[in-house]
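Pasting a structure below so you can have a look.
All chains are identified by letter, namely A, B and C, in their written order; residue positions are counted from 1 within each chain.
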Amino acid sequence: MVELPVLVIGGGPAGMEAARGIADIGYRCVLVEKRMVLGGTPELANYAALTPDFRDAGEAMAEMAKAVQDDEQVDVRIGTTVRDVSGAAGGFEVSLKSGTGNETVKAGAVVIATGFQHFDPGRETQQYGYYEYDDVLTLVDLEKMLREKKVVRPSNGEPPKRMCFIQCVGSRDRQIGNEYCSKVCCGVAAKESIEVRQLLPDCKVFIFYIDMRMYGYWENEIYWPSQEKYKVNYIKGIATDIRKKGDKLIVRGEDTTMGRPMEVPMDLVVLSVGMEASSGTKEMAEIFGVELNKYKFIETTGGALNTVATSVEGVFACGAATGPADIEDSISSASAAAMKAVSIVRKKALAG
Amino acid sequence: MTLDLSGKQYAGVDYDEKERLFEEVKKDFRFEQYLYGCYECGICVAACPSARFYDFSPRKIAQSVAREDVDLFYVFLNDSVWDCSQCFSCDVCPRKNSPGGLITLMREVAVNNGLASAQEALEGYGRVVYKIMATGTQVAPDMLQANAFPDWGPHVKDIAENLEAWRRALPPETMHTTEASWQVDEKTITELYLIWHMTGVMDMIKEVDEGLFMILQDVMEEKLEDAGYDVSFD
Amino acid sequence: MIPHAAILNKAKDRKFEADPDQAPTEDYHDIVNQLEKEGEWEVHRVPEPYVEVKNKYGRTKKIPVEQTWHHKSCGQCGHIPGYSTSIFWINRKLGLDYHDPTDQTSCTAWNYYASATSNAAAQAAVAMRNFAAAHETGYYPIIHCATSFGHYKETRQQLIHHPELRRQVRAILAKLGKKLIMPEEIVHYSEWVHAVRDRIAERQVHDMSGIRATVHPACHYHKLIGEDAVYAPEVYGAQRSAIITSTLQALGIEVGDYSTWADCCGFGFRHILVSRDFSRSFAVQRKIEVMKEEVDPDILITHDTGCVTTLDQSQFAAKAHDRNVGLAVMSDSQLCALAMGAHPYKVLQLHWHSTDSRPFLEKLGVDHQKAFAEFEQAVEELKSGKKEYMTWEDADG
């Protein structure tokens, strides 16, 4: 059997890294992205800086995109979706649809890198008023403002004097059914809090949290600096609701450390929305027949020792398609998926 | 009043007794849906009306039970649960705990075991229990007496003085009553008595208010016998 | 999906519509129907014609329009009788068939939440006895009190999850000669008001466009098993229950928002009877004064027994302490009846309230002095024995 290319689905950080890895070790790859640009969620949601290294997100994504576009081993298909699949590991036939029509490509293995979507705060954490109040934002909304170096209250265009982040919105919540930690929101909030303090030194910034989860080096890269150098106030206690009073937002919670209910006026409130499986992830799982886990992400079946295998031989998943992941994790698992995909292409060709 | 969490006020109560009551709460069939675990996030306290006026914390109550801290549980069982408003604002818990529901269970255990604190909390409340048990309706027009509600305003006196006529001045035919909120059929009340009897509610009342129990027992036994139900209170 | 492009856009540009596919709970309709298939109970179906509305998770909830069995409220009938009278009056004016039963007890939840001198089995048996009684008449239960509504939802959930409780309650009902009947929907009367609000508005005789109101939603309506509560995209962006607000807006009233909207009223069950210092303080400081300061409304509208009681009766004592009180309180049923021309004393029975609604009536152009004189005259006729009761015809006279 000839060595067929690997099909990588999703042109975000994980998909681009998987494609680059496959090409780097001398194999061919077809990279499919349904949008007209590469860059995934960091591009779509206008991320300003990556966590935790504060690298310019636009520049980083452009560099990754250029790497795959310039590599003749990678056949980049933008504006293309996957419709159907037949065959098995070593010889899949995948039908693709694009603006120019339908086409069937052969692939020896498949890497699903279809990522996540941000939790919609209208869905259950309704008392936070995202759909009611102009000055309630999400991490994503703030990220775009940070990219434009302009943090203001949407209600009046003025810079905020007091603002806060509310953690775990849509994560770690049995009411919503999202019984997992989204891993990145603590770090992203801390990173954004530093950026806000850099832009607006007069703005007091608070973070209301249940547990701050900034493991490993994130501790000293973002958590401590935000608290020690940038004087961000961390308060253990989560808000029960946000209501408008005059032109302020009142955030109501308990300061559990001090053991007292609190109501604090804010100019701007940022909801640290978590991650959910993207619609693309769910669609690809359906088409390729791979199992989802109870959280609706793709189930990886190899336990701790193989983080990219799925329930279908020859189909791998990486990045946030398998669960909440930061960029570092996504890039690592993409490389693992590239290696596993190439190895099965090679083994099947040798066997066949 | 500040809540004393040291537990020294109950040092004289046997640990085994505290543990017995704790186990009674835990074995209620609703317990597992009312308490999973606690993040200490304080969302329940933030939403709680009682926490604003009393030294009261649904978070601490949930946490004491989650930690199986029997001494602390006993303090809350006696000195805290009756402050709860039972509004269930605390049902916003991300762990899906219901601190208010947990408190309902704790109160039931306090009543079932005739704790002095429960008797004290329910002092002055017997007339309401009597009303619901005896009439099938919970609060009634004739409870509106100026001496019972002096803080509600002068209209209470007007109502009390004109009660009988003002009740007849209500167009719905079922609402001309003064001793009950509306007219309840004799058969319906008998059915309610049977429910109280069959579900052990009378035993609970006996634990907290023996006098009230005796009065109700007389009323109910006679009605149930007349209706041909074979029951006896012993 | 969050609209990423709409970063500097205002909240009005962010659109949310609940998606039932993303609901975090199993649909209670499915479970209730499944248990019927398994022979566990019979389902009392919502009779036609019904109005379909959306609940919190975007699922459809059927609200019956007529053939309703009115599960009355002890606190309403006992202490605020114009509340229930107005519900019946609106039904009559809209020409809708209803049943006001005498084979109905209180839900007894007020006592249960106050004193715990009851238990889950007793409470479930009381609920199911009332539902069985409704089913026997062929009329569909509609619940006047938010606590009964909330408690019955709680009971439904317990019965769904605990077969042993179902067996126990079924045995008790069998002894009463009744079957286990679960209504397809547990319906609060204010949902019915919401469902027929346009019909009410069509019959509106008082212009209310100059009126500003605040709304207090009952905790046991939207927090205790909150998923049954009614939501609508056009009210608060489907982020809070639409109930009451939707009705007031249909009548042309401006609804003012305030920062303690989601706070409880302070009723507390046992507190309102034996620890009223708490209820008064909470109602005044956390609700009435906040509304006065932030909105200065003409009227406060709520939809529950305990809430009307607490918010209305707690203001009198606070006056002595120069607190910023003096806000008339009514139920949505009373307000709707008034909008349709009901008599403020013969139907709304405002003399049972503590707060002064006369300034509000004046703003609507209602001659309350004349109206009260008419009421007093009617009472004289009752006292003198000329008439035995005030009839529905008298109430409109």
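Just so it is clear, contacts are C-beta pairs under 8 Å (C-beta built on N, C-alpha and C of every residue); 3 or more make two chains touch, one makes a residue touch a chain.
Every value quoted in this text rests on a predicted model; they were computed, and no experiment measured them.
**Q** Just list the two chains that share the greatest number of C-beta contact pairs.
**A** B-C
**Q** If I average the CA coordinates per chain, which chain comes out farthest from chain C?
**A** Ranked by distance of C-alpha centres from chain C, the top chain is A.
**Q** Approximately how many whole Å separate the CA-defined centres of chain B and chain C?
**A** 22
**Q** So the centre of each chain is just the mean of its C-alpha atoms; given that, what is the distance between chain A and chain C in Å?
**A** Computed value for the inter-centroid distance: 44 Å.
**Q** Taking the mean of the C-alpha atoms as each chain's centre, how many Å separate chain A from chain B?
**A** Between these chains, centre-to-centre, one finds 49 Å.
**Q** Out of chain A, which residues touch more than one other chain, so two or more?
**A** If we look for residues of chain A contacting two or more partner chains, we find 127, 175, 240-241.
**Q** Which residues does chain C have that touch at least 2 chains other than itself?
**A** Counting only residues that touch two or more other chains, chain C contributes 262.
**Q** Using the touch rule from the top of the page, what residues of chain B touch 2 or more other chains?
**A** In chain B, 47, 52, 89, 92 touch at least two other chains.
**Q** Along chain C, where are the residues that touch chain A in the complex?
**A** Result: residues 1-2, 4, 7-11, 14-16, 18-19, 22, 24, 236-240, 257-262, 294 of chain C touch chain A.
**Q** Which chain B residues qualify as touching chain C in the complex?
**A** Residue list for chain B touching chain C: 28-30, 33, 47, 49-50, 52-54, 82, 85-89, 91-92, 104, 107-108, 110-111, 118, 121-125, 128-129, 132, 136-141, 143-144, 149, 151-153, 155, 158-159, 162, 165-176, 181-185, 187-189, 191-192, 194-196, 198-201, 204-205, 208, 229.
**Q** For chain B, which residues are in contact with chain A within the complex?
**A** Residue list for chain B touching chain A: 36, 39-48, 51-52, 57, 59, 89, 92-96.
**Q** Could you pull out which chain C residues touch chain B in their complex?
**A** Residues 72-79, 81, 84-85, 88-89, 100-106, 108, 110-122, 125-126, 129, 133, 150, 158, 161-162, 164-165, 172, 175-176, 219-220, 223-224, 226, 262-264, 266-271, 273-274, 276, 278, 280-282, 286, 313, 316-317, 346-347, 349, 351-354, 375, 378-379, 382-383, 388-392, 394-395 of chain C touch chain B in their complex.
**Q** Which positions of chain A touch chain B when the two form their complex?
**A** 127, 168, 172-175, 210-211, 236-241, 252-256, 259, 261-262
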